[in-house]
Amino acid sequence: MIPYMFVEAIMHQNHRTMGEAMQQCIDACVSCVSICLRCSDEMIGMDADSHMDHKDKDIRQVCIRLCQDCAGICVLSAQWMSRLSSSADMLHRVCADICDRCAEMCERHTLHHPLCEECAAVCRHCAQLCREMPGAAA
Amino acid sequence: MIPYMFVEAIMHQNHRTMGEAMQQCIDACVSCVSICLRCSDEMIGMDADSHMDHKDKDIRQVCIRLCQDCAGICVLSAQWMSRLSSSADMLHRVCADICDRCAEMCERHTLHHPLCEECAAVCRHCAQLCREMPGAAA
Amino acid sequence: MIPYMFVEAIMHQNHRTMGEAMQQCIDACVSCVSICLRCSDEMIGMDADSHMDHKDKDIRQVCIRLCQDCAGICVLSAQWMSRLSSSADMLHRVCADICDRCAEMCERHTLHHPLCEECAAVCRHCAQLCREMPGAAA
Amino acid sequence: MIPYMFVEAIMHQNHRTMGEAMQQCIDACVSCVSICLRCSDEMIGMDADSHMDHKDKDIRQVCIRLCQDCAGICVLSAQWMSRLSSSADMLHRVCADICDRCAEMCERHTLHHPLCEECAAVCRHCAQLCREMPGAAA
């Protein structure tokens, strides 16, 4: 049987308040969702350039998928933080890692897709704020 | 067989741009998600007041659920608008209706839960902007 | 002020039960989410065939996007039905319409992408069950 | 600059197939979403029993929230696996941990809410399958 202490730790949620850091992290996640969705959608709408080699096409496909993954994890993270969920602490590190992966790929794709440069910057910023949240280092 | 015209209409997505009205509607949806999640979570954390009668308890339950519904539809709507999806037009009216339903219930619950007053105002604003979007009148 | 009757109508949720039709509709939505996500992902991973003309490329792009829209609305609808939300009734018609739009496009794309044929069938089935749910005709 | 090897690793997605284990994990996640949403909704609809002490009320609140968290992470995980996303591997451990937390709390609440017993069992099963997926041990 788990100790009641565990309940008390989670009940803490009732007394949590939205600190400055959490509000900024939510805002970063929301911005990340928005640009990642737009970025992946633009790439879906791009024709394969005749001068794109095989590697470039691979990068585009991976970039589309990572942008979608990044949007998905950030929207969940933002929702959990908005209701001060204790589970949010368990998501910050994964969220940061996926933001960074997405940024890495977007940085490789900027030559063929200018919006990727802005998207990568937004992802990097989000990753950084997620890493500063409680639980991210665990 | 559906006419190619249909494809062309949707392909329009590639040439859509994010207008001022759509950006404001996205922002309103995002704010609505945030406050509805916080509002429902606070109500989940509230003890039934000893002086609450049966109707008040009913209102609280309905209010919690409508806040969750409202957050759910607004998050989908915001995501679709962010990627300029042509399907977003089909969601605006339902989104507005659910925002209004949520606002109605929050307005009834403000006496017992102050945040409901702010939540209702945010929902009303979101409903209004959704109704001004293309397709909402259809 | 909205009448208490409204609360009573929604409170009905506490006494709703999961009927056969709703369970089948949930299952159809879940299947639709799954195949639409796989279908769009496969198309993202496809190279533009050298023999594809401009119209075919357009169809693929639209198909990817509609599959994603369809997955998004079906996942929300399935979640609302799972908790017997009264708001689900407001979503059935939109969900059916988007499933049908997705099916139409997948049917046009089967020549270039075999999975689209199966995806279209699953979408059509889901659309039909959604249309048979309460509120869909409203 | 990240090596192209990284792209190749992720591109692997195009060649991934849906194995038996992954399909079972998706099914477990879908079942978990469904019962967690129903379980939390039922608890929202429950009156505080006059004979419930403070601890019991605390447990109910935590249980409602964890069921919602569990549904949220499982729906994301199921979606990522459905499209064979390489990011899914990064989510399995967190998903398993949240399923287990939810199960722990539901097990404590079965006396007051019979559905919690079934919900706990479904969560435990899901946690187990998630832990057997690639990346869960990382």
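Structural remarks
Just so it is clear, A, B, C and D label the chains in written order, and each chain counts residues from 1 on its own.
To be clear about the criterion, contacts are C-beta pairs under 8 Å (C-beta built on N, C-alpha and C of every residue); 3 or more make two chains touch, one makes a residue touch a chain.
On a predicted model such as this, the values are computed, not experimentally measured, just so you know.
The interface holding more C-beta pairs in contact, when B-D is weighed against A-D, is A-D. With respect to chain C, maximal separation of chain centres occurs for A (centres as means of Cα atoms). Rounded to a whole number, the gap between the C-alpha centres of chain B and chain D is 26 angstrom.
Averaged C-alpha coordinates give centres for chain A and chain D that are 20 Å from one another. Residue numbers of chain D whose C-beta contacts span two or more other chains: 13-14, 41, 45, 61, 65, 79, 83, 85. Taken as a contact graph, with one node per protein chain and an edge wherever two chains touch, the assembly is complete, since every chain touches every other chain.
Put simply, chain B touches chain C in their complex at residues 1-2, 4, 6-8, 10-11, 13-14, 55, 58-59, 61-62, 65-66, 68-69, 72-73, 76, 79-80, 83, 85-87, 90-91, 94, 97-98, 101, 104-105, 108. Partner chain B is touched in their complex by these residues of chain D: 41, 44-45, 47-48, 57, 61, 64-65. Interface of chain C with chain D (complex): residues 13-14, 18, 26, 30, 33-34, 37-38, 40-41, 45, 71, 75, 78-79, 82-85.
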